[in-house]
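In the two complexes that follow, subunit A is the common piece, with subunit B as its partner first and subunit C second.
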Partner chain A sequence: MGNFLVWVVWVAAAFACLGSAVAVITFANPFYSALALVGNLGSLAVLYLLLSAEFVAAAQMLVYAGAVMVMFLFVIAYLGGRAETPWAGGPGWQAVAAVGAAGALLVEIVVAVGLKAGGRLSEEADVDAFFGGPHEIGRLFLTDHLLAFEITSIVLLIAAIGGVILGSNARSGPESTGGSPARAGGTRSPAPSISAAQPPEGEAAR
Partner chain B sequence: MNEPWWIDGIKSVVIVNLVLLTFAYMTLVERKVMARMQLRYGPNRAGPFGLLQPMADLVKLIRKESFFPANAVDTLYIAAPVVSAVTALTAFAVIPFGPGWEIFGYDVSGYVVNVPIALILLFALGSLGIYGFIIGGWASESKYSLLGSMRTCAQLVSYEVSLALSVLGVVIMSGSLSLVDIVDKQNETMWFFVPQFVGLITFFIAGIAETNRAPFDLPEAEQELVAGYHTEYSGMRFGLFQMAEYINMITLSALCVTLFFGGWHGWNDDVLGPLWFILKLLIILFVFIWMRATLPRLRYDQLMAFGWKILLPAATLNALLTALLVVAL
Partner chain C sequence: MIDKPSVDWFALSPVLALLGASGIALLGAVLMPRRVRGPFAATVVALGFAGALTAAALVYAFTDEATSIVADAVRRDRFAALAQMIVAGCGLLAVGISYGGRRGGRVEAGERSDRRTASGGPLFGQVADVTSEYYALLAAAGAGMAFLVSANNLMTLFLALEWFSIALYILCAIDVDRIASLEAGLKYLIIGSFGSGALLFGSALVYGATGELGFAEIARVQAAQGLADDPLLLAGLAMIITGLAFKASAAPFHMWTPDVYEGAPTPVTAFMSAATKATALLLMLRLLTTAFPEQEDLWTIAVAVIACASLAIGNLAALVQRNVKRMLAYSSISHAGFMLIPIAANNALGGRALLFYLIPYAAMSLGAFAVVAARERELGEPVTLDNLSGFGWERPLLGIAMWVFMLGFAGLPLTGGFWGKFLAFSAAQDRGWTWLVIAGVAATVVSLYYYLAVVRAMYMRSGAELQLSGTASSVAAGGSPPREALLSLSVVAALIVTVGTFFAVDPVTELARDAAASLPF
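And now, the complex of A and B:
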């Protein structure tokens, strides 16, 4: 019974995963594509759950579906969803190449997994109660995968600093002096005087 | 454990209905308390002391026509409030409310599910709830809704970071992400609001921002944006959004009780555990209402500057100091 339920969930999640992945590249409206990507990440999380990787599943929802995709939607909604048909003008060389590349990747993954795992794929994995939990993952991060973990953290730190620098440069650029609300709040004196001085000038010009 | 699956079903139904009841009466309590604080009476016509007001509101919302903007994207427009309400209701499943009992020979635990990653699950559900707000605002095809949902989204993403960092101290002190373990640990040592006072303050402030309540209610600033992302909604669809907001507030208060105030522990808590939990929950909810009645709304740049320049460093320092102290002591 339990096994049957696992199969049902697996089939549903796997097809949802494939379907949403196809939907991402076929929707004409980028907002829908982004939503389909959220669905894809969600069904991947379900697949992780079936592999008893609860922590990875929750982190996937929190980081990718929760934070990254919200930013995607934010930008798309701001720019206005302009519909562009992906297959407009028939399949060009890019479309053909994309399908070819995807097929090559699929073959490569299947072959790689098949060669690496061999006959072990048909056996059930031996998993204890702590597998995939926060304790076990934390232990692995700080022992077996310490180097990768530290390098990732440095890369993320650099990205964060870069974000701050890019953001502060954009704000102190010449064209936005006194214009952004953050500056108007911080340096109170110049901004109101400029905005107060403008209307009389306009009046005089007219 | 002699706990068959249908007991979980019963518990879920009871909890969902209790949460919905709390939501219904929170709307009344909020109006009453705010009215008293502003020297008014508040609703007092429906039933004695206005006690039937939530029922009257419900009947009104259900019977009202559900408007539909002509240009709206229909599927998303209808799905958005459902997404918000479902994620808000699901989150309550991991919150422990009692020690567990033996009833008619069955073991009944004091929680619906106890997962080792409960805290992350709660935050993940909370971040999924944001989609309801964004999609709703976008699908309404209206300027006010879109601006409101953009504000909601920016605010929630900004303050979620502080919210998650502020509970890190609690996680480090208890050594677990499971809320059941965190409550047990507080019973063994002390309630975490003493050693984690900075964590509590940052959690509470970030929590108010997460639930879009005053003084952080910019997404719904009436004077500028009509009503924010749910401007184009009416009837029970609007009711679902409203429900999601209130239930998010209730869940956050319950999380606050669980993380900082010892959960269901109190005097004679073997039997009275759930009552202690509800009492603490109501006190925190009252503070939420109190804040709304007392503080004026921030400006948008103040909101962002406060979140990134004050709250986030404070939460980070708190987590760092806690880690140092836990390792040193």
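And now, the complex of A and C:
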């Protein structure tokens, strides 16, 4: 019975994961895409739970579905989540080819996993009580993956510096001197020359 | 109590020198007076690269036996040390090329040619001074590359790849007042992320199949469990090769290269074309030979096919380019093809050939882009074959240097490019793949056309055309072209390496042989 329940949860989480992933890239409104991404991260966390990785599942919910996604939504709201029209004029040949290639890869991996694992997937792996716990993960961070753990912080630091550099330059744009809320939109607008060609009055006077 | 792994600080010293330089340069952005920030950061980062070069040379000298260090996360061997020396040398030259365009304060380089939008207005009124950050990121990217070449398991591999990639994404987009630069950054970010994603997915599949992350352990488990034909492992291997080919900009994974190389600031392009390609190819060699010896018959063919595709696409597309940066971008794709030939050969000679090839190639690539940068600063607009006319007479040193670099790219004697190609073809011949040698020779012949077109443009144009060329240039406006001692010095250094590797072929080959001996061929 317990096994059956696991199956039900697994199937539900797996389909929710796939469905929300497709939703992320098909929604026209970035706000909906971000919400779908929350669903994706959440269903992934359920899959992690089924794999006895409780700590990773909790971290996934707290860090990604919680903190990171809230930041995403803030940014989208801040920039004014304008709906893009990715499918305007029907899908181009590149989109069709991309879907085809992705489908081929999916089939390849499904076949590979099927061939490889066959019946073995239904067997339960034996993991000890500490598997996936914070104690064990912490130990790995300080032993086997010490260097990888340290590098991660460097990578994040570099990304943060990059964010500051690119962000600080956008802040010093002419529109910001006028305090106009449209200034961030200016960098994203499809034709920046249009907005930039008409600097605010004060800018022109200088 | 946890048994923490012992850390071999000496082996990590090249990476740490660069990280330290990066940190000091960043601190300088806060603590130093605005006037000296640029020179300070450039000096610190140049010292960092010089320190990394020295440290890597010391590691090379004091490492007889290859060992895995810090819980087997990285490898300490001569292969990594020589690769780190190449990366550090590239970084040193890149700082020299950058300095003329980035001294700090208000941006003064003519490189921001399309700073003004089509309608004539400035895109942004005031651009923040990011000179210190520029040099800091250059050092950080170099540190990531220096780390990547010593990676010994799939996790450090991926993290190091992201490390330098993120730094390069920002460096490409750092001229936020130029649309082309922003476009380059965004394109590189999206396509680079796709490549990283493929690499990560492939790593996950390989881990799933073998249960190991370390390169040597993956090979051991395969041999022990007879996993050579395991479909999961093969799918993973294919995706890992794809991910690395993206970074090495080998066809058909090259689509980002021309646009990014054209749009990124020229010194960054120079650094990317030399160092990124070198690290990606060296890591590919290490990974394939160490972790996948069982699939040797499969990946050698796959790499050979990618090499042929790169040779064909790179050379044919370069023929029709007028913009010199785009032409050099396609040329770099074709050189990825040349350097994949020794990887496909999968023998000790191939390892030696790749390491040797990279040294003159990196010098030529940096030198050629440096000359382009000099012309760009002079003209204030993108360099094309048309406005390059007469350049050889105006600036004799840079003209002759460019001439040598072009001949070196084509693989003609009196440059190290000749021996590089010679060794690469010998490696393929050693394996018995004459068809690969023929493909390489045919590509070389085709490439002569566009390399010589640059030389022709620089020297052999009529006086009437010369007058036309300078319409936008400061020269035409009566000013003298900016003389940049550091840029000229970098070009001279690249020139010395390019020509030096031809005459000093024996000692350099010995270096490469000792380094390649660390890999299990």
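By our rule, the second predicted complex is superposed on the first by the 131 of 206 C-alpha atoms of A that agree within 3 Å, B and C clash if a C-alpha of one lies under 4 Å from a C-alpha of the other, contacts with A are read in each partner's own complex, and residues count from 1 in each chain.
Just so we're on the same page, contacts are C-beta pairs under 8 Å (C-beta built on N, C-alpha and C of every residue); 3 or more make two chains touch, one makes a residue touch a chain.
On a predicted model such as this, the values are computed, not experimentally measured, just so you know.
Applying the stated contact rule after C-alpha superposition, one finds that A:V155 touches subunit C and leaves subunit B untouched. Applying the stated contact rule after C-alpha superposition, one finds that A:L115 touches subunit C and leaves subunit B untouched.
Annotation for subunit A, partner touching more residues between subunit B and subunit C: C. Of the two partner chains, subunit C is the only one that A:R139 touches; subunit B does not reach it.
With both structures placed on the common chain, the touch criterion links A:L35 to subunit B but leaves subunit C unconnected.
Shared interface residues of subunit A (contacting subunit B in one complex, subunit C in the other): none. By the touch criterion stated above, subunit B contacts subunit A in their complex at residues 76, 115-117, 120-121, 123-124, 126-128, 130-131, 134-135, 137-138, 146, 149-150, 153-154, 156-157, 160, 176-177, 299-302, 304-305.
Contacts from subunit A toward subunit C in the complex involve residues 108-109, 111-113, 115-116, 139, 142-148, 151-152, 154-155, 158-159, 161-162, 165-166, 168-174, 177, 192-194, 196-199, 203. Considering their complex, residues 31, 35, 38, 54-55, 58-59, 61-62, 65-67, 70-71, 73-74, 77-78, 81, 133-135, 181-182, 184-185 of subunit A touch subunit B.
Subunit C contributes residues 2-5, 7, 19, 26, 70-74, 117-128, 130, 133, 136-137, 140, 143, 147, 155-156, 159-160, 162-163, 166-167, 169-170, 173-174, 176-177, 179, 205, 209, 230-232, 234-235 to its touches with subunit A in the complex.
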